[in-house]
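A, B, C and D are the chain letters, set down in written order, and residue numbers restart from 1 in every chain.
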Amino acid sequence: MNMLFIYALTGTGLFFIGFYALIIHTNLLRKILALNIMGSGVFLVLISLAMRSGHSSPDPVSHAMVITGIVVAVSATALALVLMLKVVDITGKPDLHDQEDE
Amino acid sequence: MISDNLIPLFMIMSSFLPALMIFGLAEERKNLRRSLNLIGVVSTLAFVVYMFSGVYQGHHYETRFPLLPNIDLVLLAGPIALFFGALSSVLWFLTTVYAIGYLEGSPHRSRFFGFFSLCITATLGVAFSGNLITFLIFYEMLTLVAYPLIVHRGTEESRLAGQSYLMYTIFGGALLLLGTVWLYTLTGTLEFTPRGFIENVDEEHYFALVSIFILLITGFGVKAALVPLHGWLPLAMVAPAPVSALLHAVAVVKAGAFGIILVVYEVFGVEKAADMGLTQPLAVLAAITIIYGSVMALYQDDLKRRLAYSTVSQVSYIILGVAIVGPIATIGGVVHLVHQGVMKITLFFTAGNFAETLGIHKVSEMNGVGRRMPLTMTAFTIGALGMIGVPPIAGFISKWYLGLGALQADQEWVILILIGSSLLNAGYFLPILYRAWFLPSPEKWPHEHNFGSRETSLMLLIPPLITALLALIFGLLASSPYSPLEWVKLIASREFY
Amino acid sequence: MIANKNKSEDKIIRLLLIMLLTLIASMVAYAVLSLPESATNLQRLVDNNIDISGVSNPVTAVLLNFRVYDTFLEMVVLLVALLGVWSIKEVPIESMNDLKNPVLDTLVDLLVPFSLLVSIYLLWVGAHAPGGAFQAGSVFGAGLVLLMLSGRQPFLNFKGLPLHFALIISVTLFISISIYSMFATGELLKYPLSQASSIIFILEGMATVSIGLTLSLLFYGIYTKKKYK
Amino acid sequence: MMQFIMTLPWAIMLILFPLTGAIISFLWSKQGNKIGLVTITFVLISVIFLAWSIIEQDVYLHTIGGWDAPLGINLYADGLSLVMLIMTALVGLGISIYAISYFSADQSKRFWPLWLLIIAGLNALFLSSDIFNYYVALELIGLAAVSLTALGNTRKAFLGAMRYLLATLLGSLLYLFGVGLLYHGFGSLDIATLSRNVQSTPVLWVSFALMGGGLLLKTALFPLHFWLPPAHSSAPAPVSALLSALIIKSSFYILIRLWLSIFGPLGDGTVESIFGLLGAGAILWGSFQALRQTRLKLLVAYSTVAQIGYLFLAFALAMSGGSIAWNAVVFLAFSHALAKSAMFLVVGNLLRFGGHDEIIHLDRVAQRLPITTAAFALAGISIIGLPLSGGFIGKYFLLESALLQEQWGFVIILLLGSLLSAAYIFKVISHFFTPSSTPHDSKIIPANMEWAALLLALAAILLGLFSSSVLSIVDIGSPFELEGEKL
């Protein structure tokens, strides 16, 4: 089997490990990290599958998708972190389980 | 020259547009509101009369507007439409005058009269519908615009009455929609046609057709207050008197009865429905409703509730006439649409007068009212006697044709129902008449208003007098060429081979 | 403790979740493995058109020419993120001074100019080899972050309208080129052949500025949290 | 002259106008209101002219950068896209008119750039025909929507926004994974090209599962709706309106597009059943929850959960071969957008008016805010599906389609759903007329906030009256013929 499929499978594995962590953890920071791991998984799959071209250079469209994806992921992570800090500021803890104490 | 085909639309608009303008009026713009109201009423009446004469001369009035693929919104001035439309617009005119008098000085009149006008828009839409979907649209509109009138007083009691009204009618509406769409999937058309439009449906869909019939009748039965779907009607009595008058005689209840007439005659075709065995159960249901309503009326001390149960009973005469199957019974049933309308509206107008003038709400408080308010009580008496079926008032004509029709259709049991119900009618109306005319009046009325030399305000007095007079004339001149009876005979001739 | 029962329930749920996710993951893995070992996808099309794209690096050609519209929207996403961060949290423009340290100062003095240099190199090299606006912007942004971490205040004098202009310069340039291209060629973001490489270079340059500034400000928005308490 | 106007690139202006407006309102934040209104007016004008040119000259196709797909990205607008664009512009106008009075100066500064960027993103999405471009547009919309949700500046708003952000990011990642697999399986990102290339392989269905799962999460289909009520009920009123009316429609739109061109022609009926089942669950669960709520805003939010169910019920019926049901999808989506935005604006008015949204403590609103009351009632009519409204037309088509396919279960769900929705709508309306047991002070509501709600609600009603014109627009380019049938 081609080496690149091992990377692709690793990416898939990362994605689902992240998915699991996203659901299981209540701590928002971990959830955000989990989403980032999932993102990395997808990017790894895209990068490795791009190598199937057989040329010297990999598939550029797949790479372009990853670059755009990373920018988007960075933006989203920044937003998520700020929002998390705000939640911590207000409720005193980094999770979504809020006791209705207003 | 305005195209004939736009006349039905203009007629609808002549109550709809004033309604919108009235909503926009400030509460204190009394005169402008009155003028708008009256302009609307008069122009509507004018359009109806215009179409009446036009149809006599063979004109055709049909507004068509594409709505869905193969389905148009159709307003069509057919004989039945004009019959019901004329009833609605005339009674609306009187009710408007009455309501202006009745609500003098009370709050939220712009809202009230706006919805009042919309009610008529919807009722006329129902009357002039050229197909089932148009009918359904205006019918549901009627459901909705009547709601603010029912809850007009804004009390907890009226809120609950409104809630129960909506629960019943929305449920009915859902069944109607299902029946209508189902029918469309079988027939590919929903256009009302004399003798129905279901001939082309295959035998294998028999079960579907029966289900559709049940759905449609149940849907309309809610508003027509067929037992056991009548529960909302007595509760809705918390509304102001003009609303009750409108609900019972013109708009909501009548629309339900009118719907049943259309389903039997113009959707299924009465003979087809009879062949399918659908009319007999309907007749039985109507009979049960007639007796049940009358019995319940006996036990009500609240005058308006007694009248409400009387409506439950009386409206089913219409349905009975339809369900007996036969030209003569049809005449009796359909003409009762008008006869019951003028008589019942008289009763509600006068009941409102008693409440407004003397604070009387209960039968037990009515001792000697006849001497205090003779004109009002005379009108009441004519209405009540008409309901019982005393000749020569209009109610007698209806019952006479119903009886003849029953005999013609070999349904002798109906005679028993008619006799029984007339006795019950007498049982709950005659004691009122006795109290009012022959018992001495109390020292003090519950809540008396002074209207100077007259027994009550002129705007409250004239409408019931006119409707009482109409009830008499419709009975006395039943065989003159323009009477409701003659018109109904024309309609009936279209529905039977 | 009541947690005992909850814990065993928790375990069952986790187990079920693991099983479910494993199932899905193996289906995805199966699909991945079912892909043929070699495929060219759009590569041939890219190769055939690269000569008229204005650059020789295929990834840059895709990002700044063939699929430049994606990049346009991507720059907007970056702007959205910054606007989002700023709307959630008012960021104070005076920076923190808690990391004063001579060693750090010296290091930063060396590293920041270097990062600027690397950034410019990456921008330039992107036309024909791996590199480009995003990479250059990241390095530039990293330099700014370094400045902040060391207690320098890169945004103390560079704020308000000028800063805002710098942040939107890339999106604005994209809009301008969109309009220009509509007039010049009738098609959105189609560059006249002779101008393609210069337009791409300008776009990349401005994108670098916007990306670098935005990334560092995103970081700044998160990092300045302590100041609030 | 007219010819010249028609040849102008209106579709591109739909994207560039709001982007430019956003940037200007970012730079001159004090003038946000004016800039916003001017921008949305331009958007509306552009949509009108685009509609005109599409009606006259058939579907719109534009190759960006001169590179035809699959190498480049194509803009494509047929009847379906056009209806979505019209929906965006109309709802956008209503929300903008409302927003100029709703926000404080400080909030307004943050609101306008993000809101205009959302409009740009939505327009870009509805005009696009590229699955990766969809992803970028989705993220643009999603991040901006989350930021606006947080604008509520309350504990609940931040928590709601956080939950929303996590859900929407998860959805995007699932979608992106699917896009990646689809690209590597069939060598294109362009929908039309893909529809020619695809075959029923594991790659195809796994990517559908991933993309579909992500989109369902973003559309908040039961049981993936958990994030919606907290977010939609805690955001500021105009934001709740745009979330419920527009944002969830964007992911739903992508799902329809993908299904019609790529997956639908190869499907075997499983997906239909699943969607139908989930849709039915959403209708019952959402309506039931709405009925249980004591706070108006939550009631309206749960009503959205139920209404999404209708979209999927229609989708399921349409997928199993009912062309009528596609019309239902369009009408349900469009009328829900108008009616639900109106409803959230009404809630905003009531919240400001009485300082609370406890349903049983609404105090004679019918008398004191007649326009707002009318707006709620008209919007309610469309939500319930009473005639004659856009919602009615949608449910009519749905019922017809279910009856034609003899799907009796769906028929019952439809009726039950309508009754439940009537129950929760009228539960609210009935308290409009009565005085509250605890009378309270009231604040004055600016006229534009009342009228914005009323006009949106009125539009939902008029949609029913002019359904035949809407249908003829939807039909342009036959968006609902599966690709296989078109050949």
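Everything that follows uses one rule, which is that a residue touches a chain if its C-beta (ideal position, glycine included) is under 8 Å from a C-beta of that chain, and two chains touch if they have at least 3 such contacts.
All figures in this text were calculated on a predicted structure; none of them were measured in a lab.
Taking the mean of all protein Cα atoms as the centre, the chain whose own Cα mean lies nearest is D. Between chain A and chain B the centroid-to-centroid distance comes to 67 Å (mean Cα coordinates, whole Å). The mean-CA centres of chain B and chain D are about 42 angstrom from one another, to the nearest whole unit. The distance from the centre of chain A to the centre of chain D, with each centre set as the mean of the Cα atoms, comes to 27 Å. Between chain B and chain C, the centres computed from C-alpha atoms are 71 Å apart. Across the assembly, chain C contributes 24, 28, 32, 35, 39-42, 46, 66-67, 70, 74, 77, 80-81, 84-85, 88 as residues in contact with two or more other chains.
The set of chain B residues touching two or more other chains is empty. Across the assembly, chain D contributes residues 132, 136, 139, 143, 146-147, 150, 158, 161, 177, 181, 183-184 that each touch 2 or more other chains.
Under the touch rule stated earlier, the contacting chain pairs are A-C, A-D, B-D, C-D. Against chain B, in their complex, chain D makes its touches with residues 364, 366-367, 370, 374, 377, 381, 384, 386-388, 393, 395-397, 399-400, 403-404, 411, 415, 418-419, 422-423, 426, 429-431, 433-435, 465, 467-468, 471.
Contact residues on chain A toward chain C in their complex (touch as defined above): 2, 5, 8-9, 12-13, 15-16, 19-20, 23-24, 45, 49, 52-55, 57, 59-64, 67-68, 70-72, 74-76, 78-79, 81-83, 85-86, 89. The touching residues of chain A, when paired with chain D in their complex, are 15, 19, 22, 28, 31-32, 35, 38-39, 41-42, 45-46, 49-50, 52, 61-62, 65, 68-69, 72, 75-76, 79-80, 83-84, 86-87, 90-91, 96, 98, 102.
Chain contact summary for the complex, chain C toward chain A: residues 14, 17-18, 21-22, 24-25, 28-29, 32-33, 35-43, 46, 58-59, 61-63, 66-67, 70-71, 74, 77-78, 80-82, 84-85, 88-89, 132, 134, 211, 215, 218-219, 221-222, 225, 228.
Considering their complex, residues 132, 135-136, 139, 143, 146-147, 150, 155-156, 158-159, 161-163, 165-166, 169-170, 172-173, 176-177, 179-181, 183-184, 189 of chain D touch chain A.
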